[in-house]
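Everything on this sheet refers to the single structure shown next.
A, B, C and D are the chain letters, set down in written order, and residue numbers restart from 1 in every chain.
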Amino acid sequence: MISFESDYVQGAHPEILRRFAETNLVPQPGYGFDEYSASAKEKIRAAVGLDNADVEFIVGGTQTNMVVISTMLADYEAVIAAKTGHISTHEAGAIEYSGHKVIELPSKDGKLSADDVRRYLVQFNADESRVHMAIPGMVYISYPTEYGTLYTKEELKALADVCHEFDIPLFVDGARLGYGLASRSCDITLKELASLVDVFYIGGTKVGALCGEAIVFCKVNKPVHFLTSIKRRGALVAKGRLLGIQFDTLFTNGLYFEISRHAIDMAEKLKSIFAEHGIKFFIDSPTNQQFVVLDNTFIEKLHGKVRFEFWEKFDDNHTVVRFATSWATQDDDLKVLEMALDEIR
Amino acid sequence: MISFESDYVQGAHPEILRRFAETNLVPQPGYGFDEYSASAKEKIRAAVGLDNADVEFIVGGTQTNMVVISTMLADYEAVIAAKTGHISTHEAGAIEYSGHKVIELPSKDGKLSADDVRRYLVQFNADESRVHMAIPGMVYISYPTEYGTLYTKEELKALADVCHEFDIPLFVDGARLGYGLASRSCDITLKELASLVDVFYIGGTKVGALCGEAIVFCKVNKPVHFLTSIKRRGALVAKGRLLGIQFDTLFTNGLYFEISRHAIDMAEKLKSIFAEHGIKFFIDSPTNQQFVVLDNTFIEKLHGKVRFEFWEKFDDNHTVVRFATSWATQDDDLKVLEMALDEIR
Amino acid sequence: MISFESDYVQGAHPEILRRFAETNLVPQPGYGFDEYSASAKEKIRAAVGLDNADVEFIVGGTQTNMVVISTMLADYEAVIAAKTGHISTHEAGAIEYSGHKVIELPSKDGKLSADDVRRYLVQFNADESRVHMAIPGMVYISYPTEYGTLYTKEELKALADVCHEFDIPLFVDGARLGYGLASRSCDITLKELASLVDVFYIGGTKVGALCGEAIVFCKVNKPVHFLTSIKRRGALVAKGRLLGIQFDTLFTNGLYFEISRHAIDMAEKLKSIFAEHGIKFFIDSPTNQQFVVLDNTFIEKLHGKVRFEFWEKFDDNHTVVRFATSWATQDDDLKVLEMALDEIR
Amino acid sequence: MISFESDYVQGAHPEILRRFAETNLVPQPGYGFDEYSASAKEKIRAAVGLDNADVEFIVGGTQTNMVVISTMLADYEAVIAAKTGHISTHEAGAIEYSGHKVIELPSKDGKLSADDVRRYLVQFNADESRVHMAIPGMVYISYPTEYGTLYTKEELKALADVCHEFDIPLFVDGARLGYGLASRSCDITLKELASLVDVFYIGGTKVGALCGEAIVFCKVNKPVHFLTSIKRRGALVAKGRLLGIQFDTLFTNGLYFEISRHAIDMAEKLKSIFAEHGIKFFIDSPTNQQFVVLDNTFIEKLHGKVRFEFWEKFDDNHTVVRFATSWATQDDDLKVLEMALDEIR
């Protein structure tokens, strides 16, 4: 059955599979010392416009967040995040497993505001009992957010300014970074983003890869002995080529951006279909995840025709559900959905 | 200078020092196997009305919270607490250090409501992505709260009912338990409290001891190999008599309750003095901690006359400060304060 | 250049890549709920001969060890391992990162003896200060060991008996399990192994997969809420199909065993070549990893002709190096090595 | 009954109790900011001969080891210790609880040799797979050792030299430091020790205090935000005066050294008594802990007359037991023991 459940319901972009086959018998050192990883790092450095960026590959998103946050924070530090942030809600306490507190601030449309962050930091520094408190040591945001929304360049700059002022790094979870950059509402380039923030990752799993996220340390700030630190967190893969080949492919001839643009085009069509069918949006998302509010009886009818994901209860009779597009979404898939909506109406 | 900064600015109740001297040369086994600890446990079991309660002594409050929570939670579990709870704010991330998330719910007057807890648990259980979330495995409250307020018996019962319904333990941080029970607003007895909750601790440090908290496991629910677990958290003292003697003294002839009543009597007089001087209360606290809102220029004048504690900023011109009474507060201390207030007015 | 550095220098068995391509567009749920994972689990249950075994897939070996050990041990427990065991030496402290001690016992040829384990456990139980010691809660062994050696069925049974006697699980790290089972010295079947031990994993990464290890919980002993526990350790992959497809392929038509037999055949030929060239074996290994002692000047000459791995210093003039075979090793590769050895001689 | 079980079977030196009483009503800030702690730190700085030493007080020994080691090590580092070291054996895995591995090296008479440490470090640095290993980041020794033995000045200097050469700190567990320094075999002064090592602690609990250990950071190397780090480990006491008063007393008029000398005098007499009664020493200890090998039937007869501690099984018919002296040991106690031995003979 056609599925809009998420952007990870299918395999990898075919070009990645082709490259797997092509390189399969070439012997390469393990643990990320293969030539594909080296090439991929070089291409990513070029794409982000930072010659001295350190690039490291990790298998999954939660793992990446845990690794980056726990290796960059000092023992006594905590990370500030939106209450709706992925690390606050849907990582099963992975940051806490690593020993660090997530300081959850309120968010609007999934976004953390620079003003709220500054207010927290000012109050913290003025608090005479701060020696008894977890010390804020990083700000975490997602771009796009967990609700598909985007920070404007100005908002990002404001957050970066606060972080700079208080001398703590700004970390961007880019699990769906491509979809953010390809959005018609996006007013920032990858290079601009990389120049603003301290560390971010370029999501692969949800943007055409089978797995893999590329961490970019932007300011010569990769933690020392990083490889040993990720090894002890179980995050070092023996066949590093698995990640290297995928990112080398994604960053050859702009494939990463092409995939992203395609998914955004499909998402825009999806939005039109919802609008035409009078379906209410839960939030105005300019990226590949669309959240709509459906009547529960409507949902029951739609089940069995297309797949989508439960997001959260809206009220006793309505539910918020998510539809996502990806590199693999086809016009035909949208037609199936359209027909299904027509039938139910 | 007279100090109302906290209830831990002086040493121990003199009777404790007398018992230290009296028992000093009696050889005793270490690690809590001394006869004083045994006697203290017996007296506490009688005081809480539970013959089969397991009682264990720990040096400090943050340590106790960390030990109880991290030994009672399963790997994948988190603890629910008020956003203003001690473990949420003023323990420097100790619970997270032990690997567990604190799920912070809103509070009113420092209290967590059974309704909010139930709502959270119901939503959690209905959430299809709950497998990706830290699983709520305990509810933590403080009695009295961090703002000196008290749960009514009905409120406690409602919380216990929710916990029972969802099969998770209710843990009460009783760092200042005595002051709560001695309050004129208290409508519950120690025995009633012990019968309602699953585990709690009886604070010593802030109620007349030099150090020490007595954990009471109410339902034959002490974690197995508890001694080994506290040892590896650095919480096992070699001279367990240090804790045993203190609690044996506090629970002989009702000293713990006498100390608490005295502090409450002093707190009531303190409140009258504030009221007579037109000083605004930040919150209506029926226990030994009083929070008042003072003009910043007033605060400057008061400094140098008596000591008190900064609590939090109220607005640009006012600050919330704390005054606490204890076993050691004397009528003369209150007179010094009264005179200081008179002078400033 | 031809490489014998390890069994993870090349990609995946071609059949795996073919299955990736074939299934690529089929939409599937994430997080291991895909049909390929379900099918793979079913096939593995059949292969191990345990209808009620729980099978779970994890990306890498260190991660698997950390996940299994830390979710099966209680807070106060430690794991017993050989001093030469992978978790003792080459996992950068991953078990300790999870909070648990590795109790390192002496080993012979990489193997832990049942007698040594029993002696340790008997002494532990007789030690009056054991309450101050990490409590042994699991025995970890590798099959084959880190030196390529194999436990006999009798040795495994003896270890299982000790574990059973002391009521702690026996965990087998099977990163190279296939090569052990295919060895001409192996006297145990996969089913017999599965019936003896409590939990083990079937290595994929080093036996033809791009990544992936299959944990088999043999005795209805999978930790509860296991998915949440692995999520918080960063070990849950979104596209679970990545692991499911690979193991489904490996356990279709006996591919896993075929790959393993091939590598062993190649290893036997490798051994003959070494023997014919008068090269001294460091240890008598019946599996795919061969450890030989080479003169340092010889090593320098061999560099540039074929690749192999430094293992450890033997003496000032000699070094132990490792040659490994795999699914991808070809007769032609062995010929290149033979010619290289001929040339140097 | 007279007890030689340990040096912590009685309370505190009477002078400490006197000071508790004397200072009891003086209000003081909490958390170590009291004037007694300040005074004690000043006196300890003078005693160790380091004007810029940072001194911090912690309640217990295991806690101190865990705090010092886990705050001084980087994420990826491990601590080297003797296999018989306290952190290796009798702290229930506290170092591992904090996430770090204890690298256990062989020991002789409880001592770690500089040669063994250097060999380990040299091999580590030469190991091409060291990126997969926990990186040695500290050397831990006990002075006196767990067997009562002492390092010579030369041995300590050799260890310090190795540590200096490899740029890692040398940490000395001085739970019984006083007894080491007062030993007739000791060839080093406190000031010399402090100038050699990087961090050490001066044990209080076992040398006359009710509790408390004084950490001395010798080289302006106290970890930043140390107070917050100990708070989150549950190691910060509210009434810091408890520790401050005790150490201020111990370091006034040389009480710490007087206590220690007394215990050593008693230990020497104890040794003479054992020698006269033909009792075999397990190890030649020049400090307050004496380990003797007794026939099991002899032990049964001695039970009921005096108390002593089981240490370890020697053979089927003999057991190693420990007798310890302390500030509280009296000549009369020794007479009781002597009579008991006479009776049994």
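Heads up, the rule we're going with is that a contact is a pair of C-beta atoms (placed from the backbone, for glycine too) under 8 Å apart; a residue touches a chain by one contact, two chains touch by 3 or more.
Note that this is a predicted model, so its numbers are computed, not measured.
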Pair joined by more contacting C-beta pairs (A-D or B-D): B-D
Chain whose average C-alpha position is farthest from chain D's own: A
Between chain C and chain D, centroid-to-centroid distance (C-alpha), Å: 42
Centre distance in Å when chain A and chain D are each reduced to the mean of their C-alpha atoms: 50
Between chain B and chain D, centroid-to-centroid distance (C-alpha), Å: 33
Sequence positions of chain D contacting 2 or more other chains: 76, 91-93, 96-97, 99, 131-134, 228-229, 231-232, 236
In the complex with chain B, residue positions of chain D that touch it: 1-3, 5-6, 8-12, 14, 17, 20-21, 23-30, 59-64, 66-67, 91-94, 96-97, 205-206, 210-211, 228-229, 231-239, 241-242, 307, 328
For the chain B and chain A complex, residues of the former touching the latter: 76, 78, 89-93, 95-97, 99-102, 104, 123, 126-129, 131-134, 309-310, 312-313
Residue ranges of chain A in contact with chain D within the complex: 31, 70-71, 74-76, 99, 131-135, 223-225, 227-229, 231-232, 236
